[in-house]
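Think of it as A, B, C, D, E and F in the order they're written, each chain with its own count starting at 1.
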Amino acid sequence: MNHLASQPYQFMGADSPIEEAQWVMVGLPYDGTCSYRPGTRFGPNAIREASWGLELYSPFLDKSLENIRYADWGDLELPFGNREAVLTRIRESAEDILKNQKHWIGLGGEHLVTLPVIEAYLKKYPDLCVVHFDAHADLREDYLGERFSHATVMRRIVDLIGPSRLLQIGIRSGPKSEFEWMNQNRTLLSAPSELKKRLDDWKDRPIFLTVDLDVLDPSIFPGTGTPEPGGMSFLDLQNWLSCLQQSHIVGFDALELSPHYDPSGVSNIVAAKVIRECLLLTL
Amino acid sequence: MNHLASQPYQFMGADSPIEEAQWVMVGLPYDGTCSYRPGTRFGPNAIREASWGLELYSPFLDKSLENIRYADWGDLELPFGNREAVLTRIRESAEDILKNQKHWIGLGGEHLVTLPVIEAYLKKYPDLCVVHFDAHADLREDYLGERFSHATVMRRIVDLIGPSRLLQIGIRSGPKSEFEWMNQNRTLLSAPSELKKRLDDWKDRPIFLTVDLDVLDPSIFPGTGTPEPGGMSFLDLQNWLSCLQQSHIVGFDALELSPHYDPSGVSNIVAAKVIRECLLLTL
Amino acid sequence: MNHLASQPYQFMGADSPIEEAQWVMVGLPYDGTCSYRPGTRFGPNAIREASWGLELYSPFLDKSLENIRYADWGDLELPFGNREAVLTRIRESAEDILKNQKHWIGLGGEHLVTLPVIEAYLKKYPDLCVVHFDAHADLREDYLGERFSHATVMRRIVDLIGPSRLLQIGIRSGPKSEFEWMNQNRTLLSAPSELKKRLDDWKDRPIFLTVDLDVLDPSIFPGTGTPEPGGMSFLDLQNWLSCLQQSHIVGFDALELSPHYDPSGVSNIVAAKVIRECLLLTL
Amino acid sequence: MNHLASQPYQFMGADSPIEEAQWVMVGLPYDGTCSYRPGTRFGPNAIREASWGLELYSPFLDKSLENIRYADWGDLELPFGNREAVLTRIRESAEDILKNQKHWIGLGGEHLVTLPVIEAYLKKYPDLCVVHFDAHADLREDYLGERFSHATVMRRIVDLIGPSRLLQIGIRSGPKSEFEWMNQNRTLLSAPSELKKRLDDWKDRPIFLTVDLDVLDPSIFPGTGTPEPGGMSFLDLQNWLSCLQQSHIVGFDALELSPHYDPSGVSNIVAAKVIRECLLLTL
Amino acid sequence: MNHLASQPYQFMGADSPIEEAQWVMVGLPYDGTCSYRPGTRFGPNAIREASWGLELYSPFLDKSLENIRYADWGDLELPFGNREAVLTRIRESAEDILKNQKHWIGLGGEHLVTLPVIEAYLKKYPDLCVVHFDAHADLREDYLGERFSHATVMRRIVDLIGPSRLLQIGIRSGPKSEFEWMNQNRTLLSAPSELKKRLDDWKDRPIFLTVDLDVLDPSIFPGTGTPEPGGMSFLDLQNWLSCLQQSHIVGFDALELSPHYDPSGVSNIVAAKVIRECLLLTL
Amino acid sequence: MNHLASQPYQFMGADSPIEEAQWVMVGLPYDGTCSYRPGTRFGPNAIREASWGLELYSPFLDKSLENIRYADWGDLELPFGNREAVLTRIRESAEDILKNQKHWIGLGGEHLVTLPVIEAYLKKYPDLCVVHFDAHADLREDYLGERFSHATVMRRIVDLIGPSRLLQIGIRSGPKSEFEWMNQNRTLLSAPSELKKRLDDWKDRPIFLTVDLDVLDPSIFPGTGTPEPGGMSFLDLQNWLSCLQQSHIVGFDALELSPHYDPSGVSNIVAAKVIRECLLLTL
């Protein structure tokens, strides 16, 4: 039985044997609920399916995925309803990938899944910096009494790396206190030129890029749980991302796709294209 | 400012002052997740909105809501992400309503919300019996390690009342062990005539009726998280329910409407009509 | 320029020149509102488009449209916001068709459009009888103060023909008074056998058949403004309709398709198939 | 029975007792039709539901709803099919609110509902000026013979206040005559800077702000009856609105949300956010 | 890198190594078009994704998938726009599976994909019989001049096996000639009892079961290209299928799911459940 | 029977008798598949229906359709599954129109339909130039082995006219080789100013304008088979198109609308408005 005769279900072009891949995609179908069906849990497979409508080559970056070795590891099986176990499992998977000298590509899934990945990365890259695209600051100390939620994830990450190693882009919703914190800590950027300047200081630092896709305007990305009008266009995002071309990106994720809210399927394609562009940034 | 000049947002016809109402509707927008948006959390308001397309009179039962005093209490504010607090709050609300000599109508929300209501009822009605419509037995001892979930709720209720005070209708999905348990305990009924006979023994017993709306076939009720093909038609359900006309129903709920999955809005109307029929059963 | 080279937009098979047609379809895109877009206004074209997915032959009736000469007249242009003018225009069109010895097929549009057609028919067929399929009795004396609305249309028709020349099928929603009226006047039928018996008395009488498609269960016909759970299946409707095979049908309409509420498009196909079956009844 | 234990269904944060509120939201579920279901009639509740996904604080304006006392009065009950009675009822409600020294926030519903509000305002504020955002000029003398429709509403308002007290923004569709009228009367503005200059002359004048949400591009606001491509982005609208920060806004409305046309729910969120921003302008 | 740590994307429970599997699922994403996106091409993955909401155990058949060894081979890569090559590839894959003493489970995809599978089976099982569920007879000699299409597939199969080895169930649409052919050849069955009787004659014959899912009523299966009102319910289908419990099924397929037409996702679940039931029939 | 009493189903305002029309619209419901339903096949009628929500006057161009004589010829009947016959039929129809001194307006349908039209035009206008809006270059030599597909259509056209008579706008997806070809042949433009300059050289040349509507960003045009994020806004497109005001446009088409993917209907309106703007360019 020749397995190669059939097309496995994975991100387009991800046909490196996992042993030879430099980058490894991992689906994180978590949406913090024990019920079958709603939400970001269906994000990873929607991304994979949509990816087949894209080309390997990006004319914007003039680079092609043909020149990267990447694999698709499938989805982690996550024990819904037991957040602790979920976080542990993700952290261990990230450690496994890093131990094998590979880089992590997280397909979300809600934003909380980034926290255990950062924990794993900090063991290997103690001076890790984080670039964070999002509509929401996610900097609450707690959310309705919960310290670990997709509304607090960046605060938990700041607990680990401090505010000076965080850059935030696109934030346009939150309580006043979050905006005061961002102003005080100078984490929030308002133009690509500013990002370029700040990245100049991080030339040799390892960078983790975390993209909550709701940073995009809901006109182009309606398929998400908390769409926030007033965001950037896809071209804006490409311009922001291209600032990272000289940076040393060691891992990234793209999160919060909730495919059922967009019957046109455009949001799925957007998510897949963001991942293609991010992966090409590392070339 | 005459408040009566404007129409409050509530279930149609629910214009009794709450003090004079015999029955009180309570929205339970719980879906076990801390994220905004997906799922059954939007059920209660979808039911209210759809109810305005219905008549007060049911030709099937030849009874009218004009002859019942009922109020709509609005939704409980439920602290997402803290299941314990959610269950406590629902239980206390049910106790409050029972203490005031009123009857509970729960608008779901997921099925777990029935458990604290049963706990409250048992204090007032220690011999309470439960009639349970559902596609799924919900009898698991635990679900992915969780003892309190919408997949275990009936087992938790059985822990309180024993199997002899439970009747189940419409169950058509579950592991083999659940069906063995139901056979062994004779809880699962297969025809309305059987239900009538069993209810004869419960003539003077207080009955709580819990309707997981996915007992209906997904053709008529697609708007739910785990649709299970092969269910009953709306007319079938009306026939089953009409067996309860002589019973002493002291409370009921209708659950698991997830309105976003049915763009036609039919599921919302179905849920509202089930509630109308159940309420008329008590007349 | 050979016009025959292109396919005109019309009901499938409706290629008789209008002069030779025995039956003429007329679109009635009325939904009682002056705003562009929502509702039954889009019904007629949705029916036409869906009809092309059907066969000319009905295995249920063992008859084929190939043996009927029918044309599609397009839509009437109806002055929205001026109900009087709308009713006048429809009546005049129906008179025009009858004067030319043809039969009317109305594609709705809301149910009120049947009234002016009946007025026109009564001039030619003073002893006209009406068979009415609907979920709603439409027998109110007035609706929110309005005497002419889709909720009063059958009462206005009864004003013209009296209750003894009306048969009603499928009614399952309305205030108690409507059901009392139907019981008193014996207009409401409960089984096809009953219909057959009643039609025996009308063997030589001209019959107008008016089908509010919401008589069907919303599982098979969700695309309508006021879906009412508990209706008949498509097969049930075919069985009811087949009782009319020996009757002298002189006109009919199919109403209340609101295509935007059913993204699957099934409701459009159902409406088109009902029209095919009704037209074949006349063969 | 403590009513405060349950969350009433209202716009987020609208928890001032109505007696203490400075601003009062009124739902106007009118779409000019007597049929249940389609259209803008469902706008007000969709706005309320979506509002709970927003924050009280606007980083764009750096202001928070915590500093405004506002209440949600619910929906007016409007006698469909009797336009005169609808207009009268809205006018009387607006008069009631103004008499109580409060300000009107209209949640549409179609644009015609603005006319009776302006009539009420003119009694209290004889020198009222109107700022009008819209894709359509709504300046027709009549529409298909009707003088009172959502396509003529601004012309009727001009009949009351004259063209010099009207400013129009975003208009991009209409017959040539409307554009000639706007050019002649200099009501149509093309840039925020122009608006600022014009508002300088109105520093002490009371201003009513009426926002037909279809002024936005359909990419970000598809949920409306007559989407017109080529409109402004959400950020554009925020920039236009911010010109009114120094103005004396005494009332406003946001109109023409038709939620069923946007299954993603983004349009509902957009409408709610526009209302938040408008209300914050008054701070 | 432990591949077992991640959940591959496949039909639920299909975790036999392919070498040990008795049954092998093959996705056939063909819809006869060279364009990305529309149609049944997305069927196989929609089935896989939906399958995870089902249980392994069928209470209807009282059998469980735990007792079958089956694998999911993924999708065949099919050269769109070259029908000949598509058919060849499918035939070779089926031959490969049969050569390895395994059984074929085809996940459609349009109905034409059954033809090459039958060709492969006939080499191994020269006396193969076919049981065909469908709304359409698919017996045309050609369709718009094409001899190989999803409207002619059963005629091509009859060319190979003759009419006496074909049974057809659920057919309700087609030209008169197809129904005449079926009557003449006695292929069309009208009740499960009839099927049982006919199968008695085939006790020892190998049977291929081909299920065009549009045999179901569009109320429960709207997600298909040519929905035909008047079909069977899911329970009806289960009753029909259960007649095959004693038969020697050597292969089967389930076809014509077009997931984009059913935003509720119910059709996907139906397709997955049909496959579970068919597979359990072989136990 | 006065046919004028009813409104034929056609593009708004297209009421010139075909003999007097200068421009003739032709629907091309082709999507390369023999199956009923999916795809661009439904484009032409969706455009017609949506057109009735538009005005005849364009404020952007300050021109009105009242000043153009145009007719709507309906749809060509295209033999699905026989690409050769489809292309021949379109070519002959275009020749027919040109022979009658009229101009072609193609309503797509997939992009391949442009090829036979260009072939017809070249006979009458041997020096024809082509302006091509698209997200995809469509310049492949072949696609999965096929030389004639919507992914190769522009290459086939270049075979006829050479690269120097082609201008391309909006291309943002394709393999690297296509971008190299465009750079080498200077066909790809990046700003309207560039287009103006290039058109200056073509002042007296006949121009065919072909608009693949996916040149627009999927935020405003989600209803298409291969949406590609990062495209132009509707206003951008209007600006590009207005460069052609002085050009000698002799024919145009608008393609690749796939209406089922956009339940809001906005894409249909966009397509209709693009056609209005293109037609006004010729004034």
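By definition in this document, a residue touches a chain if its C-beta (ideal position, glycine included) is under 8 Å from a C-beta of that chain, and two chains touch if they have at least 3 such contacts.
Note that the coordinates shown come from a computational prediction; the quantities given were computed from them, not determined experimentally.
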Shared interface partners, meaning chains that touch subunit C and subunit D: B, F
As a quick test, compute the distance in whole Å between the mean CA positions of subunit A and subunit E. 39
Subunit B-subunit F separation of Cα centroids, rounded to whole Å: 55
Enumerate the residues of subunit D that touch no fewer than two other chains. 36-37, 53, 217, 219-220, 226, 260-261, 263, 265
All touching chain pairs, where touch follows the definition stated at the start: A-B, A-D, A-E, A-F, B-C, B-D, B-E, C-D, C-E, C-F, D-F, E-F
Which bits of subunit F are touching subunit D when the two form their complex? 53-57, 59-60, 62, 64, 217, 219-220, 233-235, 238, 263-266, 269-270, 273
Note which residues of subunit F are touching subunit E in the complex, please. 31-40, 79-82, 110, 143-146, 149-151, 225-226, 258, 260-261, 263
For the complex, which residues does subunit A have touching subunit E? 1-3, 5-10, 18-19, 26-27, 36-37, 42, 45, 48-49, 52-53, 73-77, 93, 96-97, 100, 102, 260, 263, 265
Subunit F-touching residues of subunit D, taken from the complex the two chains share: 171-176, 179, 217-220, 222-223, 226-230, 261-263
